[in-house]
């Protein structure tokens, strides 16, 4: 039996760092931003116009609805939930607004459109918090119901927007020189990022997603936070729908159907975990931008439509692998 | 109800035990079965033919692919994952098999079709277990890639199945009197249910889904189990695709696109939680049947197809509320 | 001289880092057959990490790890690990499985085998009944997710005991057990080591237990072995504490302390059930002792965690019953949970959010300010928390350090009532004393404290009065400070100390 | 060498914007555009709008960024086009519609090549009604395209008028969601279960005819219940030859692509253009399928490789 006694001076406990480095706080986001730049450059070597201002305008215009929707989905995902209903709410908002305008209402029809978001968000929130049903099931149901209502509203017909000024919502400039769709994206990004990072209620979103049980014992209003997340998500989906009909002055029952998976993908690419408790607004916006840039690139290069799915899938794979790889190199898990 | 006898004396431990009753073990399943019966009866009051043997044959025939696909998705969901790629794998299998037959292969083309499932299941499994990516992202990528390949294989054309005997796979009778599609459903249901309940590896699925970290500490082969789940899911989706092209003797690139959400919904209606650790094969099959019965009912009654989504959504809501309500009455949460 | 062939496992110059943090800086450690070996060290010394390396859950960076068979032959690491069972500090529970299955499933090595529920049940029953016969009789078909923390701990121990392993590593297994259960566990361990040549590595911060059970001890400090294989009897308590690097820690006995300032309120608090009540003056520390069933319902009532009808809590300005922990927290009733991992730590949030969570929830401030960083740092220094940055995640901290984060949440928050469930669970000896002092200081400002502990010594040391529960969960009486003794506690709780 | 460079710079590009790829119809229109573009010495690119008007608009902008000279579009819907037309007008890019026309009242387009859905619906309705009467009944069923599409609404309107005029009763109409044969099989099964007295089926899209024929075959009712289908594809032509279905109203997908491309080319070269072309959808029955006439029609329906 070995017996040892070594004596040593008490080690001084190292100082604790209080500042959060920007680079380490936004590591995933930087990785995606890098991937986006690489993508744009790669497309640019094939199609020089990809680097033109016109194309950047195209990308932001095309990406704005997805960006806004992703910000909403992010809020739900941070609390540990999921929202499958956003695409349907997007479509239904458009149909309801267009129909309301057709029956004589002025721009206030947009408020009715936002009402769609409020109603469906509240239903989602209610069923998740009060009835205690699983978010996936609840929002799958509202996905089906809102999607079906989007057809019922106009009996399946697509609707032109009568009010000629309505396009100002999307393409006007509240701040001279900055089109509204860009303004809205930036304002929402900043507001939501600050809310999540700096406001107490924002930190609650993460706490609830991290452990609802622990959050409850801490005195955090878990159900209210979840409810709010679903309402915000639906409202943003609604707003995104309004922005889109204002852009193309036409509402279509199927307008949002491809957006739901894209929005969730954007949030996840942006570093959020579907288990809850993580994710940033910057990440979600970059994730949405990345998806838009890939689609834009695929179109610019003129890749056969059949191949688009494969190319998009592989691009996303590379982006998440880069992120994953940069993480494991730093030893974090 | 659980009956508990406490062994005070410890004399004959063999004789004294606690037993879980069948009724309580399959409570959710019974609730869905009840809901299905009610649905059929309700449709029957409108359309008497709903209760005919012919209609039951319609329902099983129409439901078989979804049932088989749901069993695969269930395996993934029990381990705490998700598989969004099943619909695309279903379509791609059909296209590849049809193309292989068109280029001269005989029934062995079906093996190539199953190879599609094997390849995509392995890719999913690899990316989830080895690369450590989130299941949602991984299977979203393979969803996009396989879906795009389904178009590429035949350049977008739909393909008739040349081999006239191929329909035997679906509609022949290996056991006289029982069409194969029913046989396959029953055999897969029984095999998977027994596997999950009675085999050690089956219990590993629940352990992994319950807590992958804990399962790993306990020496349970977590990654192997997850890998197997994704492969099984893709293989069953492939098989389901084969069964479908054998039924209609025609392969289409978009054949499976509506099936993915339905399969996940079936699994969830059947009582599985997307957080993992719960779910039964019986439940998944009943969930798939329920969805099929709703669609059948909507068609029989001739409800405007715009309303289908709403009706389906509400039916699912009622099913999960009944389940939820019966649970909380028993005090469990 | 070394008789290495007697060792079932030995490590030499073991190193291990997580990223930039070097955790093990060269550890030597060996366990002989048939011995119960205490592994000691302060919070964050590297005990759990060492155990993780031995069991293979973490890969070593450098050094040597040797397993031997009975005859002293060197085994491959894989073969050696098959002879090892472990109870981790953070329990490895499978919430959706039944108790019987949780215990027996890991023993089926091959997936292709039939899972025999009956054999599993007998195996589980046999193992569980070694520690608690009553529990074994009722628990087999319960879901693990429905168990309390201390029941979960018993399931974990039963699994290790029934594994047939030759070496069992127990990382603070008694932290969640009652005195009686600990006693029975020790009985089982003694029997197994004597009869079957089983070896046990035992980690605990409770000096009394170490002396009761361990023949020899090793002490690690800051990732290095400072004492290796010394018979426990040869070291005094003070020497052990000194080797751990906590020489400053003095044994503060219960001393007369200044009367409470009672600045917050002079309202007393009355806790009552039918035919029984106890009144808590501001600034007093009420200990709660006994089998978990009783204290659990009382605490749930105190913080509004469950719709508890048995207890009423009366205090001017408070409702009859809190409807939620949120209401309780806002009216000044704080709570530190005993279930650190599942109901305490917010695993995906950085340390700072974990520490400040309850302050933010109760203060009603809108923004998370920069000032909070300073506040957080102060709290961490008061509790001697070892961490690289406020922005690291809690799972980079040792178990005891995570416990300190939970305590920090309520430290110096002006509250009327603070309910603590095993607040020093897993905290090292040195810091424990300081925590006692910090809590006393809080009491001095008028906060009433309810302190549930399964460690009687702790109750004796800190409490003004103790409310005891019997094994059936009924309250069996209040012991005042002057009458407080181990014997009295044992009689009232029905559990031998 | 110089001339070949300048020739390359002169080369025009035409973009085809498909509403979605889930129906082979839109692929075939694309084939026609591509074929005609090659013939005219133009380059060809294609985009897909995923049934989203916003995506359609973005595609148009991307196409312009890329430098295309003309656009042939199968729009997501008629009403989705006004801002698109305004934008293309501002960029001075000619645009031809194929399959689905522009919103009524719009004028800023080069050409619109569509099928006359209303007239076809009427003709097919009469044909289906005749099939039912030949089989001793007057009840008919319909497997419809989603009724959110204008063409589907026009087909239905025409068919309803024909049924009313000819004394047939439309007892059930089921709309597809996925446009797959599998779905059509399920719907045809359900329809015949609920209404066993149906004597003829109106298939509004190709897969509907294939699915209905499949069901009749399984039930041993081939020929006993009549089927007429719109669109036409190799699959339905084979069924027509096997007399599993009785008539196909061909929609000239390739032809629409060809004609649309020619019109935008004319606009680019300042040749005269035809603004509105409503192509008739010729009926081909089993006995006529091998005639030269029918073969000429089929060449304008789908690519020869099919």
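Think of it as A, B, C and D in the order they're written, each chain with its own count starting at 1.
Heads up, the rule we're going with is that a residue touches a chain if its C-beta (ideal position, glycine included) is under 8 Å from a C-beta of that chain, and two chains touch if they have at least 3 such contacts.
For reference, the UniProt names are A, B = Probable ABC transporter permease protein y4mJ.
Keep in mind it's a predicted model, so treat the numbers as computed, not measured.
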Between chain B and chain A, distance of the C-alpha-averaged centres to the nearest whole Å: 30
Centre distance in Å when chain A and chain D are each reduced to the mean of their C-alpha atoms: 36
Distance from chain D to chain C - Cα centre to Cα centre, in angstrom: 72
Residue numbers of chain B (touch at least two other chains): 151, 155-156, 306, 308
Residues of chain D touching at least two other chains: 21, 146-148
Two or more partner chains touched - positions in chain C: none
Contact graph of the chains (line, ring, star, complete, other): other
Every chain pair meeting the contact rule: A-B, A-C, A-D, B-C, B-D
Contact footprint of chain A on chain B as seen in their complex: 84, 127, 131-134, 136-137, 140-145, 147-149, 151-152, 155-156, 261, 264-265, 268-269, 273-274, 306-314, 316-317, 320-321, 324, 328, 333
Sites on chain C touched by chain A in the complex: 2-3, 6, 18-20, 28, 30, 32, 216, 221-222, 224-230, 243, 245, 247, 303, 305, 324-326, 328-330, 335, 337, 342-350, 353, 357-358, 360-362, 365-368, 373-374, 376-377, 380, 384-391, 409
Of all residues in chain A, those that touch chain C in their complex: 1-8, 10-11, 13-14, 16-20, 24-25, 197-204, 206-207, 209-211, 213-221, 273, 276-278, 330-332
Interfacial residue positions of chain D with respect to chain A in the complex: 18, 21, 45-48, 50-59, 61-63, 65-67, 76-84, 103, 146-150, 153
Parts of chain C lying in touch with chain B, wherever the complex brings them together: 57, 86, 88, 91-97, 101, 105-106, 108-115, 118, 121-122, 125, 129, 133-134, 137-138, 140-141, 159
